[in-house]
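Below are two complexes that have chain A in common, paired first with chain B and then with chain C.
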Partner chain A sequence: MAGHLSSGTHFLQGNEAIAEAAMIAGCRFFAGYPITPASEISEYLATHLPKIGGIMIQMEDEIASIGAIIGASWAGAKAMTATSGPGFSLMQENIGYAFMTETPCVVVDVQRSGPSTGQATKCAQGDVMQSRWGTHGDYASIVLSPNSVEEMFYLTIHAFNLAEQYRTPVILLADEIVAHMREQIHIPPAESIDIVNRRKPKTQEERFFGGEEVPPMPSIGEGHNVAVTGSTHDEFGRRFTADPGVHQNLVTRLVGKIRNNAELVMDFEAYNATDCEIGFITYGCTSRAAYEAIEMARNNGINAGLIRLKTLWPFPERIVQSMARNAKKIIVPEMNVQQLFFEVERATKGATEVIPVNKIGGGEMLTPEELYSQLKGSEN
Partner chain B sequence: MGRIEVRICGLGGQGVVLAGQILGRAAVIDGMNVVQTQSYGAEARGSAAKSEVIVSDKQIGFPHVRKCDVLVALSQSALDAHCKDLKESGILLVDGDLVSRVPERIDQVYKLPASRVAETRFKSRMYANVVMLGALTIIAGIASKKAMKEAIEASVKRETQEANLQAFEAGLDLQA
Partner chain C sequence: MEMPFSSGNYLRGVPFPFCAGCGGTTVANVFLRAVHELGHRNLQGFVFCSGIGCSSWIPSPHFKADSIHTTHGRSIPVATGVKLMRPNLNVVVFGGDGDIVGIGLGHLIHAARRNLDVTVIMVNNMIYGMTGGQVAPTTPQEVKTSTTPYGGFERPLDAVSLVASAGASYAARVTTAHIQQLKGTIKKALKTKGFSFIEVVSQCPTAYGRRAGFKNAGEMLHWMRDHSISIREAQKLSENEVKGKIVIGDFVDRKLPTLTERIQSTIKKASKDGPD
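Entry: the complex of A and B
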């Protein structure tokens, strides 16, 4: 698949890297509504997507935007929308619809300070739990968390691949810092990038909503009899709004296809994670300060380690548990007032002390010095 | 070369973000690792704005500048807010017509008439940021002249490429 840029080294903004990666992943439909700090994704795709035969459409709001990408996906396109907290809130109902109807699509949430309009241009990591639990009912989400411009690129492609593989919406949970920063990025030749495409039905009779963990997905207009509904449905798409068994089968399978494959989906980077005395669990922009703090610790003879989550959900709990077995303390730094901290506490089941370190307001990051002093203070 | 941290600050509309992007792009062309970030208010014009560029031959973790080696200030309020973050050995560049009070403790101060040159030569203060980049290239030598020119061409609209390149040359001449 072609993007706009040639392979080689470029100097790109995080948001531009998302847009470029989307095109390479095969995205040919983007619908969105402008919002800081995500607008550059729309702007880039408005300029470049039509040149490769795609469509970029600015909708009247975020509810319509996600509605449009769900429709586009059912028409056979790989589709994406991008927003920030306020728009992400508006999209939640349709994210549930995409989950229930097993519609592959990518939703980018570039986190900014909230709740509500908050500090619109400033960074935060306050949507971690919303990305997991934002819509109602039982579901399991896939949420990816990049920490550099290059990773914005690769995790966007990965988000499309996971969406297509598991027939589910995937959320790319970026943040203002990584979205607006510019870095050098090496774009590999398109043919060297693995692209996953949804499995299509081979015959007219296949079951499109059950019968196997991830059923094949037809496109509207190909002649299949396909009814798409957010109400409880059987494997043929027929509505059953009272039958307990049909609902149980459907929702158990929908949650199961993510949970049962969690080990395959989850991704992280570990440094001295299972032998350290003090460890960080970190993600997104904050992890960049944590890496420097670890380096300072190493230079000062402190046995510190780090796990950086690239997948927030499903939560990679096994590696976190391995760290907890030997570490006396685990520090969870976040630009919110404790969110992933609770998940780390849950996963470690009291095996070690979990310490939250939090900072909000003005988009100010936790600094390496602040995190190092936490490491030092926790040594005793 | 190790690691150089640069902050360019001023008011929204003065082109401080673009200046940082050009500098960052040029350093990438020269083969360095670069992180460039910015901060600005919700208003399109007039609020405090800053752009930061970290250039290093090693991988860059924390993306924000804490202590700068080079500070470029395009307004008095910006200098007042940011001069505390300039290293003792750091270099300060100011637009001499827009900044009158410079703290005495700073040794290396360059007062440059960037907005005046922009206004007289190019009939627009919009070019002051690129004039400043010209002077910065001579004074701090973070990126090569060749890479800076290439970065300018890649960062501005085609209609203004020629004028921006001339503004850059005018900035080089200020320190020649």
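Entry: the complex of A and C
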């Protein structure tokens, strides 16, 4: 697998790190539509993907972009698209299609301030719930949340690996701040990076849509006569649009393959999480201020802790509960009007008080000082 | 020696869901015979993409081939991803007028503009048939539908002219009343390098015919036969004289660089002297 950059230390923008990581993960097809603050991903791949035989095509809209990566994925390619809130909204129907047809692909949503056109160039974390519940019907999603340029790199590779492993769309829920800042990152030698590829069927296998938790995935053009459909189908891909049992089996398995593996998908970083009196549950750009607030608290003798979620969905309930056992208060800072807060409250089941801290507009981050004063004010 | 046509080489044996007299079955039949006459003994090497609507059921799940039955209107974007990653496959899109020039119109124009090397066969029954006879972008203005009970107030779209002007290699219109011409047109489209588009005007006795005053499918076929004129004839007539007629034939048939060729040359250029 080849990216554009050699291994070693580089100074990159978050969006460039996503694009570079995608190439290393094996992405050979990218389709996208210009949108701030995600366009640099398209631009980087337009320049570098053809050099390694890959294709970047700018489509007529975001609906076409996700359509094209679904087609490319069934043609055997690892494929990605990248967008922001408005485009992410347009993609939702086909995200459901990718989930239903078990099409591995990566969708990057670099969050900006909404709803609607909102403050198009400003940062926000308003798509947390859309990334979970954006399409219609019963489904489960895998959503990753990076908080640094280096993590943009690693979670993009992880997103491809999870997509291939579970045969499902994976969403990299970035935000404008992490996407546009520049940081030093270390790209390890290619051979030290774990890359997962989809399991292909053996010659006589025919059950591409069931029979096991994650069935093998054929490519079109390889003689399997695979029939892909977004309608309810059995394990052979045969359409059953009236049989309740077939629908129940299919959707239960599709949701189950993510829910049942939540522990394996779950990724987080913790500091003094299980023994603290007051803790943060944080993610994305906001977590950067939370780390600093913890530092200030420690210097002032406050027993504070932190859990930073790298996996937002499936929601890592167990780790949140581990903090709730001892902490008297849990603070959930977000650049939205309470989205993950309700999920934390649900998971803690009243074991502790959960306090939302929210800031929206102008792309202004919650500052370390603001978060520290919340910690201090919540101390007694 | 010429092998006789056998549907078993091309069909899975799943019964088609179409109403009695539907033109969809005709299109499926003629398509497979065209494929047979081009020397394909089966559908290996083909992939079919379709959207939502009656005509999207022509290939999937009936053809014994790879097929992707996509969301409504999005078959062409999916076909784009397939073709770009597997340029050696014959990618064929089937869809109705609602799918291709209603909800999916933008994708059609852009595919034609790119001269994407796929074949799109649009079965135009002039109505939303599967959902119960609502007005389509192709419905003649005077016809009453379930959502235009007083008659329509919009003009129908000329999809073939649109595709031709957008830059496709091949664009043609034919009807299900012209079986031999339909077969020839499909063969030509499949052999075309670049974007090929066929609009097949087709009868929907259930949702369209009874609203437009036809007793049965046979009457509709006679009407289509009697009201069609070739594009060559049409070019000699005034706009008024052509009104109400179905203009059939090849609107464009030309050699143009294809999207695949252009992308391959970009890859060659980038891998040799990439912009740094």
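One rule holds in what follows: the second predicted complex is superposed on the first by the 378 of 380 C-alpha atoms of A that agree within 3 Å, B and C clash if a C-alpha of one lies under 4 Å from a C-alpha of the other, contacts with A are read in each partner's own complex, and residues count from 1 in each chain.
Just so we're on the same page, a contact is a pair of C-beta atoms (placed from the backbone, for glycine too) under 8 Å apart; a residue touches a chain by one contact, two chains touch by 3 or more.
Keep in mind it's a predicted model, so treat the numbers as computed, not measured.
Peer 1: What is the contact status of A:285 with respect to chain B (first) and chain C (second): first, second, both, or neither?
Peer 2: first
Peer 1: Between chain B (first) and chain C (second), which, if any, makes contact with A:67: first, second, both or neither?
Peer 2: second
Peer 1: Which of the two partners, first being chain B and second being chain C, lies in contact with A:239: first, second, both, or neither?
Peer 2: Only chain C is touched by A:239; chain B is not.
Peer 1: In this superposition, which partner touches a larger number of chain A residues, chain B or chain C?
Peer 2: Touched residues of chain A are more numerous for C.
Peer 1: Which of the two partners, first being chain B and second being chain C, lies in contact with A:337: first, second, both, or neither?
Peer 2: Once the two structures are laid over each other on A, A:337 reaches no partner at all.
Peer 1: With both complexes overlaid on chain A, does A:48 touch chain B (first), chain C (second), both or neither?
Peer 2: second
Peer 1: With touch defined as at the start, can you tell me which chain B residues reach chain A in the complex?
Peer 2: Residues 21, 24-25, 28-29, 33-42, 60-64, 66, 151.
Peer 1: Sort out for me which residues of chain A touch chain C in the complex.
Peer 2: 28-29, 31, 47-48, 50-53, 55, 57, 59-61, 63-77, 79, 93-94, 97, 220-221, 223-231, 237-239
Peer 1: If you look only at chain A, which of its residues touch chain B in the complex?
Peer 2: Residue list for chain A touching chain B: 9-11, 36, 120-121, 177, 180-184, 285, 288-289, 291-292, 295, 363, 365, 367-369.
Peer 1: Which residues of chain C touch chain A once you look at their complex with the stated criterion?
Peer 2: 12, 44-45, 47, 49, 60-61, 64-71, 74, 76-86, 88-89, 106-107, 110, 263, 266-267, 269-271, 274-275
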